[in-house]
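As written, the chains take the letters A, B, C and D, and residue 1 is the first residue of each chain.
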């Protein structure tokens, strides 16, 4: 439990160096339940040995699956979808005797039981299976570890590979000296061994069904330098801002952003309109937990806890402010009020509903 | 993880006061694997709701059961026998529709799958089932919580009961204001609700099989004021010492003990022989962990780390020293050497192999 | 020890609500020694009661002062300048009998012993003294807590004050519902009681000496919405960028920033030159500790661990990149290399040496 | 903070192996304030280098000394007597130029300022000074580390010494392979270097004043195998029981003890009277903290939480029960009540007020 930097220190990392294969998992708990029990990877022993499973996603038919497993007599020890997936993989009756074929059959069986949403890493002995659900709801991509000697640009044509890495977001590759190789396709089952990446199967969607990549990855989940479907997230966000300028131009003095995920869209909007891009808010990096709300004072503060106001930059001006999306709708209206109270003459706000363009 | 006094402080206890029902578990890890995952009670969700299971014992057919469960498709997440029991209870197909009957059937089914050894507490909704395996290998007994007003001896005839408690050892009852009520019998399934204790069934052993109560409970596991099979542990230990004096008298100056579990036997031996009981060793309470053995010096110290020597008490004397049992046999011989080096003229040692008498 | 959000949770905050007066301290350990002992405030008992001292700054004559105190017989238990200040305050012989006058005399005596650098909060009984050294090296400012009912803009003319707050940076006031009141002046000793803020004295610098406000507060320490010397930090940074454009214009396709402290300067430069402002790097927020450098691979990565590259934004372009300052000089050159390797046609870099303009 | 076994694990011990000199301290907080700040040894930097001080005792003139130090301008950061001693050692003006003489002069000066009670270890560079106050209130003794090869009785005549150890109680020596060498005398200043133990001075008490060794060391502080003033603690306790039997014989059936510090006296009493020694109580080892007293039930339990009752051993009998001392007087009376309620026919109790005999 805790931030990666606290959990993985020099001592705990040293213990991992005995191996050349591993999976890990970090998550921002969306459901608010952040318990040790739900920590991934889930490890269970099965008839064919131990498997470890890391899962990104939420099962659409989790309630039905829980019941099905329990009816079969499996006691479930967590509230996690990821335990469901792990038990489903353990549970599926072995179809063939060959061990490799076996796990592919089990994975395909899992896909049959629950079509979406999951990106998975399954470790079994010396193999890691990387799997994306047939709808491709959550991202998953493969990177190639570049040999150390090649990293500084010398010998870039060197085609040797030191190893393979898999991640939800390609931005992580640069930080460890790997380069983007390719996406795992929707429905694809990839087998990764020490030096080899091999597609075992691509399970199709039901005919007529479109893919369903999560739009919020483009909107604010992903880091802007990540690549999804062949395009950099930043570029998608900026094009959205440009399109917004075409569809909804405003007479104003300046364009600004609710930092930080809306910044590319704001720059795109400003550029397309020919208006100056100006910063009006700065983020308060130290506002984290919501539990520190012990009295009415802090509850009333609301958005002022999250942002500082750069009032010199917009006093007496007409401001266009771009936010990345509208989820609960409780952020943009206090921001507009804050800007007006701090001296803005007029505030027009836009919520960029990113669409794939 | 940790000592009860560290884990359950005022804050963590306060959270438990919302309820009038609960089970807990503390263990001295015999297998050396002391992991958070193996902490009890095991809680799983089943088709009929959550169950929590606390288990004392070791399954004799654990390997076969693990395989059986895994063959059925249950992934096991720990190395613990207790998880096996919990999954077996979840797994057993429901036999009847009535909910109560259901759990009794499941518990009997469990007894059928694994005859020994376990004492169990199973919590389900507002019921706790207390179960001992048919061989009665591990102890389990029931206590009655005395209403507060009655505790100081006034109104002892008051037959009201404030609640029920179940424990491996009866000695714990006194400490919380409860009194010993009775043992759970070998094979017995007891249902405990708020005000009621009810025997649901007593599953018999295979014909001809004797009961198999763990002899080491008498020898050194149990606290001497605990009651098993109607007799106080202390009395059993003392009678063993007396019997030893009959079977193996020694000409000596004094009788002593390896503190502390052998003390009742030593006192019994001394009394029967008419020899004075004298203390020759005192325990070093602060020797705990074995990991602090960083150099040859400490490794060589051996038994001297564990005991202080009261040499004034036995210099020039012939000493009979009683220990409770012989397990690895690496304690008594260094003790004899230590006593001789510290001035004993002669040392006779006895290992009391307690038997039920 | 740890982040504020971890240390001050609901429980630990509750314990503080018994009082209406307090001082706290948080620091980024510049000297690398981050020990519990050095945590502030320092609390010592003196002849006139307990004092608690929080200190921002570094004493220029610390070595001499340590020796002086030790020669006088004071044993020092930490390596911290702040302990020196606390002991100097305890040590100074009382000059008058009146208690208030006494502490002012002690503070003035301290200023005499060590002219710079320190901003101090000294708590004694129900008084807090806010003190800035005569050179004004570190910032310190006072905020006014606005009554809750007035916070949402209604009744802004209400002149009531609910309390006073003091901070290194004014940006913190907005987050707790306070408003900027004024700076503590260089050499000023301010006495703060529950409802009153009173200047007790302003100790002058030696004649001819200029003030010496730390330039790095403007450059990168401070949050851009903080106010120093009557001007918003953001505005100072932007004006520096504009001035740079006047003094050193470049023929290029776009202007960018090393995020984030250089962004105002980059926007100022871009605007003055009439070049587009474009983002080329994004920060890797999860790179923190440097201890995770276990192998050659990660050591070689260098700057690539810290930044993601938005290559789509600058491929084939001539880039002007603005950084806030040059300290060790080991950041900008790998960034230039990274940009060139990622497709920039030309990279010109500027390090804004902010000066007060 | 915490038990030695938790704080000093394999990792933390490894860091200490770089050195051949060290002092440590463990304490049972008598004043109830158990804070990290009060942990010893106290380390301060003085004009002549760092000193570390470990202290056992309580200063009789602490209040006056605190005031004296504070009047001199030393701010005190803890409520601990040990900080007073450390600051007094730092504070005393150096009397001579020679460094060794200097510390002896400082220690003698300290003895002048505060006559009792303290046993001290003072570490400075490669020297440890062992000091006992002139009244000899707290114990301190020296042990000789026996070379490893000699520990098993071979070559006992080997007069080589591997090092020296100093401890409050001699019982600790056996556990680390050292043997008792001698006590530090009241008022003695012993200088210990790597291979040498040297008396620097023995400061006398004021004429006519008797020594004042703490009687409770004999009564219950010390482990029974420790040696004070040339006699084993166990023997003193037993002789007290024998003397009690002479002065106050009782007609009874058995003699017992409140475990465990009264056991030697009970055995002595029983032997002298010719009555059998029988155990009637057993200690509940798991009762530690008093904070777990959340409701009336547990508060009413009182002594029953601390002891189990071995009722089989004394039902219908006349019991003499020996306790070690009477401090608050709130233990023996509930014990008598507990024994009577559990079936004792008569209970006579004695509190052994140990005196030096």
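The rule is short, and it goes like this: contacts are C-beta pairs under 8 Å (C-beta built on N, C-alpha and C of every residue); 3 or more make two chains touch, one makes a residue touch a chain.
None of the values given here were measured: they were computed from a predicted structure.
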Relative to chain B, which chain has the most distant C-alpha mean position?
-> C
Computed distance of Cα centres, chain D from chain A, in Å | 60
For chain A paired with chain B, centre-to-centre distance based on mean C-alpha positions, whole Å = 50
What residues in chain B touch two or more of the other chains?
-> none
Based on which chains are in contact, what kind of graph results: line, ring, star, complete or other?
-> ring
Every pair of chains that touch: which are they?
-> A-B, A-C, B-D, C-D
Touch list for chain D against partner chain B, complex = 4-5, 8-10, 13-14, 17, 148, 151-153, 171, 174-177, 223-225, 232, 234-235, 263-264, 267, 271, 276-279, 282, 284, 286-289, 291-292, 294, 296-298, 300-301, 304-305, 308-313, 337, 341
Going by the contact rule at the top, pick out the chain A residues touching chain B in the complex.
-> 36, 42-47, 51, 66-67, 70-77, 86-87, 89-93
